[in-house]
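To start, the structure under review is shown below, and the notes come after it.
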Amino acid sequence: MFKKILVANRGEIAVRIIKACQEMGISTVAVFSDADRLSLHVQIADEAIGIGPPPAVDSYLDMDRIIQAAQKTEVDAIHPGYGFLAENAAFARRCEKEKIVFIGPNSDALELVGDKVRSRQTLEKADIPIIPGMKGIVEDTSTIKAEAQKIGYPVMIKASAGGGGKGMRIVFDEKELTPALEAGMREAKSAFGDESVYLEKYIEESRHVEFQVLADNYGSVVHLFERECSIQRRHQKIVEETPSQALDPELRARMGETARKVMKVSGYNNAGTVEFLLDKEKKFYFLEVNARLQVEHPVTELTTGVDLVHQQIKIAAGEKLPFKQEDLDQNGHAIECRIYAEDPQNNFLPSSGKILYFKEPHGPGVRHDCGIYSGWDVPIYYDPILAKLIVWAENRETACQKMIKALDDYVILGVQTSIRFLKDLIGHPQFHKGETTTSFIQDHFADWTGEKGSEEKQKLVLLAAAFDSLHGTTSGKNFQMTKKEIYSPWLSLGKWRLGGK
Amino acid sequence: MFKKILVANRGEIAVRIIKACQEMGISTVAVFSDADRLSLHVQIADEAIGIGPPPAVDSYLDMDRIIQAAQKTEVDAIHPGYGFLAENAAFARRCEKEKIVFIGPNSDALELVGDKVRSRQTLEKADIPIIPGMKGIVEDTSTIKAEAQKIGYPVMIKASAGGGGKGMRIVFDEKELTPALEAGMREAKSAFGDESVYLEKYIEESRHVEFQVLADNYGSVVHLFERECSIQRRHQKIVEETPSQALDPELRARMGETARKVMKVSGYNNAGTVEFLLDKEKKFYFLEVNARLQVEHPVTELTTGVDLVHQQIKIAAGEKLPFKQEDLDQNGHAIECRIYAEDPQNNFLPSSGKILYFKEPHGPGVRHDCGIYSGWDVPIYYDPILAKLIVWAENRETACQKMIKALDDYVILGVQTSIRFLKDLIGHPQFHKGETTTSFIQDHFADWTGEKGSEEKQKLVLLAAAFDSLHGTTSGKNFQMTKKEIYSPWLSLGKWRLGGK
Amino acid sequence: MEFEFLLNDVLQQISLEKKEDFYVFSYGGKTYEADIQQISPHQISVLIDDVSFRIYTAKDKDSRYFLIDGLQFVVKEPTEQVEGFRKGEEITSEGTLLVKAPMPGKVIKVCVSEKAEVRKNQTLAIVEAMKMENEIKASVDGTIKKIHVSAGDLVDSEMPLIELEPS
Amino acid sequence: MEFEFLLNDVLQQISLEKKEDFYVFSYGGKTYEADIQQISPHQISVLIDDVSFRIYTAKDKDSRYFLIDGLQFVVKEPTEQVEGFRKGEEITSEGTLLVKAPMPGKVIKVCVSEKAEVRKNQTLAIVEAMKMENEIKASVDGTIKKIHVSAGDLVDSEMPLIELEPS
């Protein structure tokens, strides 16, 4: 087993991986940009190395600096987390050359599945169902209109190199095509350092269903069932759950087997995810392989009992998979909500700044993967994900109730977050019914403005503000007071309310 | 289902129950003594009623005040938690009379199993294996020596009315008998309001193995497997785990069936625990029934996926058990450590006072049931349990590693706690081997003094203190400084250390 | 003692007095008794007629934030000027519409030129923050009067981007 | 700047100076560079030669507490008088042993009378706290000189219980 691992990432996922290493008795090295000296992953690691200025291209995406940090600290392996260099085949090759184990797939497989266009070709030959789309990347913007016409609107622009919604655009008619292409390419360039995009058919009213796969270095491949990630805004998943309400055991088995086949055909090893679109006729199409740990991996861990980060490390260290497909089972129901620093009342615009106060929810069945704390400044340079709230319960109904309660108990003051939006989303009757498609938010929450607060709550806020001013506990200023005398409180004592809370 | 439940308890268990109610959409009423106005359970409940002065006999043990609070708030049911009135048959009867559902067994069964002496007699008739002991309570202290002689030393003095180690004493020879009896009776009186005690044979090198049982109001009884609770100090459990390392499937099934039979014979309903002693020849003896939710219930929840508090409430509301014995299964391994406010370096003396700073551990598989927060004053009036740290992992080995890591991450400043002791305990080679008996602490930790801190850690503490004084961040005083000039730092920069952390 | 606050930009009054071991407050013509306890610098516990509330609080230089049951409220001083426009916009003294950066970030592209006519919802500029591009759109039809930024500029929240003459 | 502290009752010296964006400290004849950052009022983050440490801290009226890797340390002012005796005991000016309450609680029973002879480990009194009885035992053989409490008394930590003349 490895003695020391460098975690080439930041935020909640770096924290998650460092903790997994600690549980396995493996020393850890964190890396940090100048914007992250005070970040949580730096505090909890055994060693921490500064790797440059805040922009990711100068730090977390700079292979030379990462490799130098790894050599200086003499690590055995690098865990890339998700994003940044996680799916960068050149980086995996570089690690191989420097004799540092890259905790992820081998560089050939990574290159193949990372090239969305080439992998579509390979898998089509292996009879994997593929969404209709371009055979190659957009090379000539002048002929692109003909391509789009051939596929048929609406079409989806997708980055060849990436995932996570970056560079993605839906185009409903021809006149939107050119500006969407430009924006998609710029975003792809900025996120992955590669502006290649391609077009595929956009399937309406579909669900996003993906299968978690583990493959060891000796040809064993198992899937750990599905995650449904249909709830997206700006093509970014925000709520994920397992099991999916759309799958029956037969379809689940069929999709799972297809996922295993995708990985076998690709020569894939370590952890990965095979993404599918499921249309309203329950026909499924291969979308892409995410060749890394996923943001939403905890829902799989809670329902299968398998720690995916432990398995990633063990596989990379040359261990065999400790289970076969028939040993694996799904138990109960898990839901994840991503907590973003963004303002859902203002078109989900990112919200940076200082977290004035933070208190995370607790309780049986509540897991919180988190990279923040009270007093931390949310930097503007990186993805706005702050934390992930995950709940497990015996069934979906109870899991939803637990999630709503946990969101209610979640305290973040100072920056805007998606918490209230998520609460209304989980509480929506259509979500309750399991009627989730990729257009769920557009269909049901396009005009969402959020609760303004009952009169009772407003009264309490005023009371708290007055208490605070009276004792000067948080305010440094004197608030304006009028001189009107308070009438005797003993004359007309109000009853707070008649019903319950 | 109930609309509103009063939780007649305090601390971590009140918090646990209130959260369960909230997840089920049930309103909650907390009760609090004058010492608990600022306690966590008061803050999180929907309503909160003061029930009197700090001593438990004047508040949490005062049936009239609890019933009045229940009537004032018009609750449907009372959940008693553990301790206080949880196993008080008179209170259960009083609730029945006032038409408030008591969330626990029916008062007849409670009376039977609560009377340790009478239940021993009943179960002996039903062929349940019983530890040799007195047929009745100690009534005449003059004939007690003959009774002890008949049973044979060592003997155990036990409170007829209670559990939790209160009133319990081991007596190795005759001259210890009288003072031990006096102390046991006083403690029983103070804890349960009943000074009745009895004697039974003390079985050396035994394990404490108990079975969780659920019984609905229609005769269905299932067990949810065992918990091993052998690690005790002062007859109080401090570490519990499941599965037990001492049971094989055959013995587990046999003990589980015996536990179900105990409950059937006793006419028991709702949640309860059947405690056994397992001797070194793997012979097991019935000890007693704990007619309530146990402190250590979370390890069962984590390995079976069943929420015991939800089930308690559903059974009390008249629902049928949603599973049969054959539907239940154990998954993975769970360990619980009880975090007490006590000083393990000073004979486990209770430690009260203000919690100056508190930060709980987090991470996948870590659960923390807790009733405290930074700034809270630990009152001297109640049980010194602060919280429970519970971990789950695929296997015992990983669970132990997770627990050690979580204990390392646990921060409580200002009061003494058992955290470091627990860490050394879980890390002990005999614990690792699963060699746990009720004399484990006496055998291996009688002379425990704890780590004093490496030179590196001391150096860091001095650095932190100096930093603190330099910036005046926490200290209000000026520390004495000598005037000797610091020599140039550039001349002899030390290397922090050569190896890893 | 009487207090005036701006709660969600609306002026509100409340009076509060400390009695022996509780508080009396008046709001909306009614008077209530409350048991208010400071739990921590960021939390108070309130009991009114046995009903229990947890209120979390924090402040920055302009505002105090309060959170009840997961819902956040902003309280400001009543002396502060109330702006009647949506976040990211302001009517200038000359009657033009000043479009401001809704969050700190980097200007990726300015999509219009001075004197150009724009329609409602037309994209005026693209600002990137946290790796996402955000399109800044016109809220009315009009003519571009002035452009304050160019591509590559780093902007802070509320910084002027573009001035628009509504038509 | 040089500092003296009592760490676990041992006098220790350290010097610390702030440079541009890091600190230099000397201890035990060696000098080190450290990057020290205040994370919160209760936590600092220290990097020394790329090794990362989290140190938690809090204070009460007498002491400052520091916690590293789960281990708690107590730091006091060097001016404070060092007591050489175990918690709960003190040698008086007359040479008798004063047995004190080790924690706040209630005296359940006084097991000895004045002028009685006691042996080492004999129970002197029983004090109840948090529902547990705790036996207060003699640490030496001796004679009871004075009894300061009786059954039923509430005692605070460090309050005198019994005075013993060692034999």
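Note that the chains are named A, B, C and D in the order they appear, and that numbering of residues resets to 1 at the start of each chain.
We take it that contacts are C-beta pairs under 8 Å (C-beta built on N, C-alpha and C of every residue); 3 or more make two chains touch, one makes a residue touch a chain.
Note that the structure is a prediction, hence the values are computed from the model and not measured.
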Shared touch partners for chain C + chain D come out as A, B
A student comparing A-D to B-D should find more C-beta pairs in contact for B-D
Distance between the CA centroids of chain A and chain B (whole Å) is 38
Rounded to the nearest Å, the gap separating the Cα centres of chain B and chain C is 48
Distance between the CA centroids of chain B and chain D (whole Å) is 28
Each of the following residues of chain D touches two or more other chains, namely 51
Residue ranges of chain A touching at least 2 other chains are 46-47, 374, 501
Listed in rising order, chain C residues that touch chain B in their complex are 35, 37, 39-40, 43, 45, 47, 50-52, 54
The chain C residues in contact with chain A across the complex are 1-5, 7-8, 12-18, 23-28, 30-34, 36, 38, 41-42, 44, 46, 48-49, 51, 53, 55-60, 64-73, 75, 77-79, 87-88, 102-105, 108, 123, 126, 128-134
Chain A residues touching chain B in their complex are 3-4, 16, 19-20, 22-25, 27, 46-47, 298, 301, 305-307, 310, 331-332, 360, 362-365, 367-370, 393-394, 398, 401-402, 405, 500-501
Per the touch rule above, chain B residues touching chain D in the complex are 166, 183, 186-187, 190-191, 234, 341, 346-347, 349-352, 354, 356-357, 359, 374, 380-384, 407-411, 413-414, 419-420, 423, 451-453, 457-471, 473-475, 477, 479-484, 486-487, 489, 491-497, 501
In the complex, chain B touches chain C at residues 30, 37-38, 42-49, 72-73, 373-375
